[in-house]
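Just dropping this structure here.
Chains: A, B, C, D, E, F, G and H, in written order; residue numbering restarts at 1 for each.
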């Protein structure tokens, strides 16, 4: 953006752009051209970071259209989340995506080689949370992270979790996913010394209230280093974990 | 009660009681005289089981009055719960109670020797749950149970809990008390093979919502053998644990 | 477990196992091998106690797989809960299970002869709670308990309940199941002198809010000896009742 | 009202009132002059029915002012509810009210002789609901009803309630007041064949949530003939019970 | 009941019944035989009052079975509520019921001539509340009440309601049914001087939360004489209104 | 109305209408005849303002019936909201409506030329809120307003919104529509100096709770000049915006 | 802002400002200097519109400091809201404010002459909502509006409201303030043809839940033209009403 | 731990430790001795990382005792949170703590020089959130982070936030703290490309519900990279931000 704004100013200075015209361009240019987000976007494209399409509520046609635009603009890697198998089939007819049924995601351009600080552990309390966990895991992988999956290590059978303490202790970031009572985040938070991202799931019945019980449990975690994302938000957790796993000095 | 109803019938049969008079007595006698609860009460008095006075919202004068009536009726052991230190002082001037500040309970007639099946473990997640835990523990003791206290063994520092697995594995009943995320009940429920009574506490801040978070967490526990009582209801947990710890054949 | 851990140590002591190999085995062995839960599991298998499969959200294929593994490992009796009739049909083609439609449970290996302390009463407020009640009853029976069913004895017609006071007074444990206002637990809790496990159900309409009304009502029960499990959790109540009905000295 | 509107019309017809003036009066007259509520008010004054002042949030001065106006307008009997002892003292200096501490009500002009269809039973589950019960009872009495008080007949000790089945069976209207689990309304509703007005109270702790638990329980009552008023609304229950107890043919 | 109990006592007195046998009969007789509810039931049958079957969750077969039993026991008039058209068709093949689609009720034995104190007004705020209103109206009619229907008189068009003030002022009991903001109950309560039964409905969208908004609004009504039943509980309102409309002296 | 009431009075004055007949007409005439709403209605018809039919829950037949009546009474322009495509098809067979699929509205008589004070901006946070936005926009247009649509300008990409600050700054009224966190209303409220009407939508998942999150966020907006309508209530927002955009002196 | 940005560009064009320096200034200048809000602020000062200080949670010293800064910058009229009498006293020692106890507001510089389109009616359901109403009324007056106060016109006594239909019909904007059931907004919305701003208040007890009941009721209003602000937010309503009452053409 | 467990095994192998003794030590050693947390603790002490005492609910005496123990064990730096000024005074008499009133924290041993990856920005929406923000900032500083404070940059005046986009764009981690509508987290999340930790505060009134509104808003943030901690949990946010700001390769 600086370039763009600077270019306008230089044109004014050089007399090749009138003040009024410059004023107009400064005002009407998409704000990202003189600001924040677009720089980021450019950096993303330059660095090969993937774009993301939230597939829920979009028709296969709309998804194809967005994909096309992205590809035209040089975007080589795209992640589509919350994509139904039916929609995936239609999209696959026109774009070489690879669909992953458990996570309901599709990837265009494959997963990159991991280049993060360490490994991201994705742990679930039970088997029913696996779809959310796979969404988190695939997201993290698409953003260049190595992922270790620890599924069905809920606290009601603590030994299952403790048998994997090595992975937990050596993780860079941990994503703890659980429905029902959501205690997994606290227990992992108490074991680990890295950031823990808790994801409540809507799995459960009765007083689990579609994930509220797990959500509250996770927000109230006594363990330090735990934060929470929205119910079933595997993508958000995977994305944030990837951000943290790619921390680098900014000074 | 059978005795009492039978006595009426026998008196009718013997002609010493008119039909109408018998009818009246069957109807106007306190229902416990021809029914359920009073038998239990009699058994209690006979067996030396304590009576309980819920002290909250009662004046010291009212508590003294109830105590007096109980003592007159041969009740040798009484537990008063939710008793403020001020009220306790006033009551102590007229009755030889022993007041226990941490649990806010008072006992008349002392604690009996334990005669239950095994030991009742009272565990808390943190130090702030101790008042509720002491109410549970003292209640259990007054009802003739041996109590093991495991305080501050919350899941955020799992090793503290695991260091006491011996006590947990050998318990007869466990009372798991926790505020905030209430994960203690699930973790203990996963370790133990005995009934676990979970008590959510109102301790906490923010999204703990006065105990709702812990309550929901405990209700959703994935561990089998866990049930829940009301928020802060230490007495209820102690009483129920005592019942279970005194199970005996009824056949 | 002690045996297993001891065996490792003895092998080290005897020089037949290297320190590093022993270290590895102590770490990689399922934690239950050096700990708590597995002992329990072994005891279960040795004593013929059933294993349980939570059928909801599992495919018939998955259930068959788990069943097969269990049978191979000598498990002669298995309870499957929340099993749809369709899934049951498929499973029945490969395993000699007996399906019980009202409770949506299947049993492999039949029910054992009851060997508990006494009888477990399963009471419901209305007919619509019967599926939950049957899940509780069958669970208790599979775990070796004699069960008395008292259905449709809700408090709105108190005489229906009082007509069964004999069963209530002589019960070892009572499971009180009700939707709507959930008053059954309090009334039974006031009549009985044994532990009462309250199960709120999601049956109802309007302000019953999927069981919240009954849940709150049961948590606030003024009767002593009452605890609560999750909404519709018949299995949990049956399992806990069985635990209590098999209490024995641990000293 | 008909009279008043008719009078206007007759004056127009007689030529003693211009059309425009009549139009203005029809529009600007207080609506009660051509309508509903005021007729009712007049009837009240004529029949000696009491007026009511809701004392909460009013200064003693304001209450005195309203009282004065009422007395000037010929109102001989006034009920003041939710009146603190301090405010009552001040008011009593200027008006011959009789203050009733348990119900926090004051009465000017005394209670009338009961003239209702039958007796109104006011029942409470515990002693802590008595202030609400007394507000209901005094309100009913001031409106000319005979009241029978059945306090502390909660369902956790069912015999206490059943011992009074005579009063319950012969009541004209029953007001059932309870906090905590609020089961009293259902049980009484199942016993009685008259209208039952349920009043949840804010008494309780933990999951009673300031009366929500009792409120939901009462709304979900399986017993027919039960309706509910606001939490702690003793006045509303007493007033409605009085209305019902004075039903008379309107044809 | 008195007769029955007295009969037992007289037989004992006469020596024709042993004490033990009498004891047994007093205990095992259905409680209604020595108590409250059954007397009421008998009275109902004797007086021709209808029995009610709550059809929701019952199969046509079950409903037929219950109907048959009732008819055999001399019950000439039966109301079935919450009956789907499909179920009604099946039932109609075996019993001469008359099905009413709008209210989803079926009647066996027809509606009796009204014999209440006055008229019951059933008012709704909109057209979508009509199914609940019809359930209330039909229930009231089956219990012998004359019903006036005032549909779609919501407060957002106040003139629609005020145009019917005559009916409102002369009603014996009013049932006010509304979803969304539920203000109808308050406005009617302010106009009328008779008992008002408010029925919140689940009709609405957004922040109506399935009837919670209307429910809270009605509970908080500033108008005296208003009480509330469960969301969508047209039957409960109609039954209670009928009770009130048949009040008679009990002294 | 004044005319109508005056006419009655004049007829009485002239002796052509008896007092009793006048009384009856004043009472039985629809209240709008002597009051408020109908004047408004008349003005509407006179001025060509549209009538509105809320289509949800009405059959095509009912809608046709209402339409017919309106047309007969000279209503030339009608808006039907919440109309399904299927119902629209049926209605279109009998009335020349134009159906708009995105907003699920139908218009009879076309949109008028805009005659408001300024432009109404309809902004959404994402694409999924567009149906609600279109309902708002079409409603505003049918009521004679020029509408500017700013879709998908959510705060998570602030530049998208800021790129349109010109439209925002020059708007007469702004309708801000958003689901999930609902921050759009606050950000727009901080930018604009005109009234902002916030519409929460039920779009979202997890802790969006069907629009509650957005609703609370909007109610708590720190920006002045923001008010809120019900979740998904596009019509309400469009109607209110139209009212404000047609403000004129009333003195 | 345009001026400011243009000035920078002209300086660049004239060669008196380097490109880099211009770039820096465009970026580091407070955004209001090149944007929206500050223009608005300038306009406010120029036009004599008041500034507002939210007094809650600020010390008298802080308020004095802010006042001083405002006065120095030429702000002649300031409104302070939520100001306690004690704080007002301290502030009054240093600034010539006029404190209004009922609304807890203070004004510096007096109220301007009204110059809006019409009159703003502020209506309350009861006397306890008057503090909120006065905050709204004073706010509106300080922003140059004529205010008509209609207090205690709740729907439970509909005639009180209808007696003021003239004021309601002729209002430019109406602010409807009510606690408890909040029906006032719907009824007024049904009577008036102008925008209605509904303000729920936290006044009430029991199931009013601190204003939630009134809030939901108002959000669900069936009347068109009604929108809602936060509970007790009198200022917000007064400010918005003032905005609407000063609408003018923007084209 | 590996060392410790290995040491035991080596001693067994060397014959200097019997199998039984080894078994006992493996079982009875505090789990932290053979596990996770304690290693972490040792590392902390070795590296000079601070310990933390949660001061709420602890007496000054208890805090002193804990401090003493820590100091004895070589802990040179301790942070005490939620410490009242009164308690701080007492503690300061015995320990050289420095108390910080705005954050209610005390530090023993001073703040270390920052050594993180970059800067942590702590931003608040208003001035009332500053206490929570200071708790977060001080916590981060005590854990060795450079903190930039951006207070009162709420979205209702977007320019205030945008004026600081430089700090936001260059931050390593951002803590976004806001009450009321909590939109700050979304707006910052949309601007920044680093992890954002959102902290809802309990500041607000009306429908802010003690922080629930802000909490839900933040959980539903559409911006990627945002996670949430408990209401008012400044410490948790500061600690987690510190963890992230000290990420380093673990491979």
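Worth pointing out:
The criterion applied here is as follows: contacts are C-beta pairs under 8 Å (C-beta built on N, C-alpha and C of every residue); 3 or more make two chains touch, one makes a residue touch a chain.
Only a predicted model underlies this, so the values are computations on that prediction, with no experimental measurement involved.
Shared contact partners of chain B and chain C, listed by label: A, D, E, H. Per-chain Cα centroids separate chain A from chain C by 39 Å. Centre-to-centre, using mean CA coordinates, chain F is 24 Å away from chain G.
Spacing of chain A relative to chain E, judged by their CA centroids, is 55 angstrom. In chain A, the positions touching at least two other chains are 35-37, 157-158, 190-191, 206-208, 212, 215, 219-220, 224, 230-231. Under the contact rule defined at the top, the touching pairs of chains are A-B, A-C, A-F, A-G, A-H, B-C, B-D, B-E, B-H, C-D, C-E, C-H, D-E, D-F, D-G, E-F, E-G, F-G, F-H, G-H. Residues of chain D touching chain G in their complex: 27-32, 35-38, 56-58, 200, 202, 211-212, 215, 230-233.
Note for the complex: chain E touches chain G at residues 125-126, 154-158, 180-183, 186-187, 189-191, 204, 206-209, 212-214, 216-224. Interface residues of chain A facing chain G in the complex, by the touch rule stated above, are 2, 5-6, 9-10, 12-13, 15, 18-19, 22-23, 26.
Residues 35-37, 40, 52, 117-119, 165, 168-172, 190-195, 197, 215, 219-220, 224-231, 236-237, 239-240, 243-245, 247-251 of chain A touch chain H in their complex.
Here chain D touches chain B in the complex through residues 127-128, 157-160, 162-163, 166, 203, 205-208, going by the rule given at the top.
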